[in-house]
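The following pair of complexes shares a single chain, subunit A, combined with subunit B in the former and subunit C in the latter.
== the complex of A and B ==
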């Protein structure tokens, strides 16, 4: 995936989102820079409150009060979404970019049949007859692997199980063949066996529809199965981004290292789990220097003074970016 | 705290549950005489030995939480006996139940709703001893609170604060302090870490293990996360639709799982470096059947890749795997 001929479908440049609250202006996202190549799956991983869902909202143009995009650009096919008008955003949303949410029941209309909801989504963007739209909707329900699609077409969402509802959400998100699909924790509310089915389905369909995917999750295991590249977020910043195999074989930000060590592994017998000291700082008490400095075991005086930039780890790995001034000392640990 | 099977023959289990059943019934509207019965837990038996951790795993709706709630009698079981310290815990009531409950406690999943928002941390932690009245002076009460507080690593300065001032991990510590203040023998942990972020989850798991070493308490650890279970459990029980489908030591379950459901469950866990199956056939098909209308025969036959005619008609009994004492499963294969 490293050929230069591939063009970026999405470029986020220096994006800032602030929350305007009684406690002052709080930075939820600061200096986000991301590029997304056509056809890839970018995994975004981080703990609750790190800003991963806000990133999805910003791309969709759904940042609402008290939040506001205060700087930067989101270029989708070279068109800036931050400065785009409401009408233009409505054209793009659900059509060229669409999204799957965590809790399918709260994002589906409980009073409207599943088929009708998908039909409405198609009609909102395409000038075709209702009959045509509903036959397309039925086709879509079939392609997400729902048994007896004709029956489910007329069922209201509360009649369906969690896994089925999430399939309906996926059908709705993909019915207009979007070029970019954002999945915000799509399997967190599901059981493992159903999760495996849904993950498989997303991977299969994105091949079929040639969709680029941003896959947001807190689960490192899920991210490792789904992604081509992985971005690790902490307190509103991307702290590390690299190809999947690099991020797991040579994690270079102390936070990524800590996050991986904290997961109980199926193939190790350690008695005590590693944990990261402290907890994620609140947005109103962010440290002045590196955001991770309060919890980092490699923290030096310099870390406390200045926020580090996202820089290339090593000339040999131009795609592996890390936001840490001590990254070399961690890199040495890997090679030894 | 691994004890071998032969050692166990000499020790009495602290807690023994036999043929536990919990059925819920509800009417189909007020003109209908028909009642729907949901068998949330159907014939579960277990023994818990001193100092061990028994994990109950399964997907949502399999009856694992109902089992715990019935054991501690938050809801009374429909049938079955619960023996705690040789006493019939299931039949106790009033004062006797209150005093027996000093030895069995529970930790809940959601630390946000398990703590009363209008009580200070001090009062929350002290509530069990306030109810049982197991102190004579205020100084003794305070001493017990501080001891519990230190044991879970909670800062003493926080005792006069309210739950909303704490993060999820800290709240779970408060919940654990409340559970251990009376030094119970058994703690039922109902998904104690699933609402927490991974870095916090690791701390709570380490804390639970540390407390077990210090106090010798036994845990029934309910979780849907098999990698956490593998880390904490001595023995594991796998449940499906209210039934136990397989039970055994941790190594039995994770190294040589026998029941098709256990195997599928283990295969479904996404983990770092594991690739997704290339072929859809390797995934389990379908959803959990509705407990209102459970399948005939083996409860798992609707999703089982090895289902035969026999499975559709008769329910297999939980039987011991030959050559592996303590490892039992319910399958004809």
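== the complex of A and C ==
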């Protein structure tokens, strides 16, 4: 982590996002509290449907029907994005905050050349001539490590491989040197060797551009490579958040423990893959008490009564927050 | 690109040839002897035979076809049995009226249809969307002769600005163009809306928003252009059907276009004119689809690349 850890570039306070559907109002995100320090990489991990991408959309101001932000604040540089007007959000998007998506194959306009798509992003925020913007775009294509950038500039996306397209997406996201970059599973659709290159590229460029990063993934391995801090999400809530080393050395929430146990290990003898029994509850059938109670092996009667708060587990680790009331099971985790 | 165009062009020519063969066969198998119709009910059998011989109708079918197709290639479509004028001349004459009417009708249809479709798609789910789409259902369902008659009664006769019949002046085209264009405007608006909605749900539109582009640019540059392929397809089909004449509208407004010409020719078993007409219709359709194919490639570079 960098030295100037004092300043929070992003503060999410008690954010709620609901889906307004025929089955009623469903909480996709409930009571999200996150702080992001300037220059760090926050990993967000969780199963499919836990609200990771919705969190990204909320920060980008792109929550669309039937979803709606129903409460809370997203303070970016002390400016609340939830109450900001459309015009202001448009100014911020792609400029101060930008985003890389999961699907490089479909996230680029198939009819527009790669160079033009980057140029367009630059022109949306800078008052410069088209020619200048083009040359900046070309420079950006060069800096994401694409061979023959002049040729790729004029190519339409279908000529490029998935990895190349993701590089174009990265070039597009970083062309205006954003202060915050949200990566929503940027390597999930890529094969492993390309994944490593892309991760390396993101790390390298964000250092160069001094960009703060939110890195969303369901892959604990990728998260451990990328993050300074990790937030574990489950069914629309953050269940545990801590520095990376704490999350991996002393996972405390039963769900985090389960996630880590599910990472296949080379040195173990067993052929069996570990998994967490059951699946994420549907939003319309969330349990009354702790959201993880339906799958938790440490679940007690207490757990089924009330939703636990995100609290500091151990005064010695003030940055390690856990959403679990079962001190017994937590203690077990800590000693092991 | 040129390879693609050449391939499409060859395909077009071969389609026209096949159609010429099929038309020729069908018309010669159909009942009804043109010579008997020309000479009237009480014609003498010898006289009929003589006329048939003069017209080359007693030759074997394949010779007749060969003769006809060679002349066709030379630009000679034969002469109408009844009007005693070259078929090509009659068709070109009618084409002037039909094409003028078609152009006016379709320009009206395109402007209204695209506009309605885009507005509806951008505001999908709102009352405005529902209102515009109800209008378009009405437009598609209303038969053009009914629209034509309404226009004649409520606009033509009441305000006396637009003539209700004939096209001596170009202002006479206004009402027929509206009557004819209504249906096309309605179907263009629906296809545009559906196609745009599909594009709106795609990932790259989210990317466009994430870039902070202004919404108008997103709609026109990213959504509309990607939604254009299905729209071009129906535009092609529509122009094809417009140029081959609209029998009903042309009849209601008394416009001597292709539709009227062909209906009359069919009723009188005027075989050279019908054959020429069918070839004309085929050629127009094939030409339009050829242009559409080329346009696809212009709009979507992926298509011409896929053709390699």
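We take it that the second predicted complex is superposed on the first by the 323 of 336 C-alpha atoms of A that agree within 3 Å, B and C clash if a C-alpha of one lies under 4 Å from a C-alpha of the other, contacts with A are read in each partner's own complex, and residues count from 1 in each chain.
Heads up, the rule we're going with is that contacts are C-beta pairs under 8 Å (C-beta built on N, C-alpha and C of every residue); 3 or more make two chains touch, one makes a residue touch a chain.
These numbers were taken from a predicted model, which means no experiment stands behind them.
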Fit or clash between subunit C and subunit B when superposed on subunit A: fit
Broader residue contact with subunit A after superposition on the shared chain, subunit B or subunit C: B
Partner chain(s) touched by A:121 [first = subunit B, second = subunit C, both, neither]: second
Superposition-derived angle with apex at the Cα centre of subunit A and sides reaching subunit B and subunit C, degrees in steps of 10: 70
First, second, both or neither for A:192, with subunit B first and subunit C second: first
Touching partner for A:266 - first (subunit B), second (subunit C), both, neither: first
Touched partner set for A:178, first subunit B, second subunit C, both or neither: neither
Subunit B versus subunit C as contact partner of A:161, first or second or both or neither: first
First, second, both or neither for A:62, with subunit B first and subunit C second: second
Touched partner set for A:103, first subunit B, second subunit C, both or neither: second
Which superposed partner A:94 touches (first subunit B, second subunit C, both, neither): second
Nearest-approach distance, in Å, of subunit C Cα atoms to those of subunit B in the combined model: 5
Overlap of subunit C and subunit B interfaces on subunit A (superposed complexes): none
In the complex with subunit A, residue positions of subunit C that touch it: 125, 202-204, 206-215, 217, 221-222, 225-226, 299-302, 305
Complex contact set, residues of subunit A against subunit B: 47-48, 161, 163-164, 191-197, 199-200, 203-204, 218-222, 224-226, 248, 258-260, 262-266, 271-276, 279-280
Residues of subunit A defined as touching subunit C within the complex: 60, 62, 65, 90-95, 98-99, 101, 103, 106-112, 120-121, 124-125, 156, 158-159, 169, 172
Parts of subunit B lying in touch with subunit A, wherever the complex brings them together: 59-60, 167, 169-170, 197-203, 205-206, 209, 224, 226-228, 230-231, 254, 264-265, 267-277, 280, 283-285, 287-288
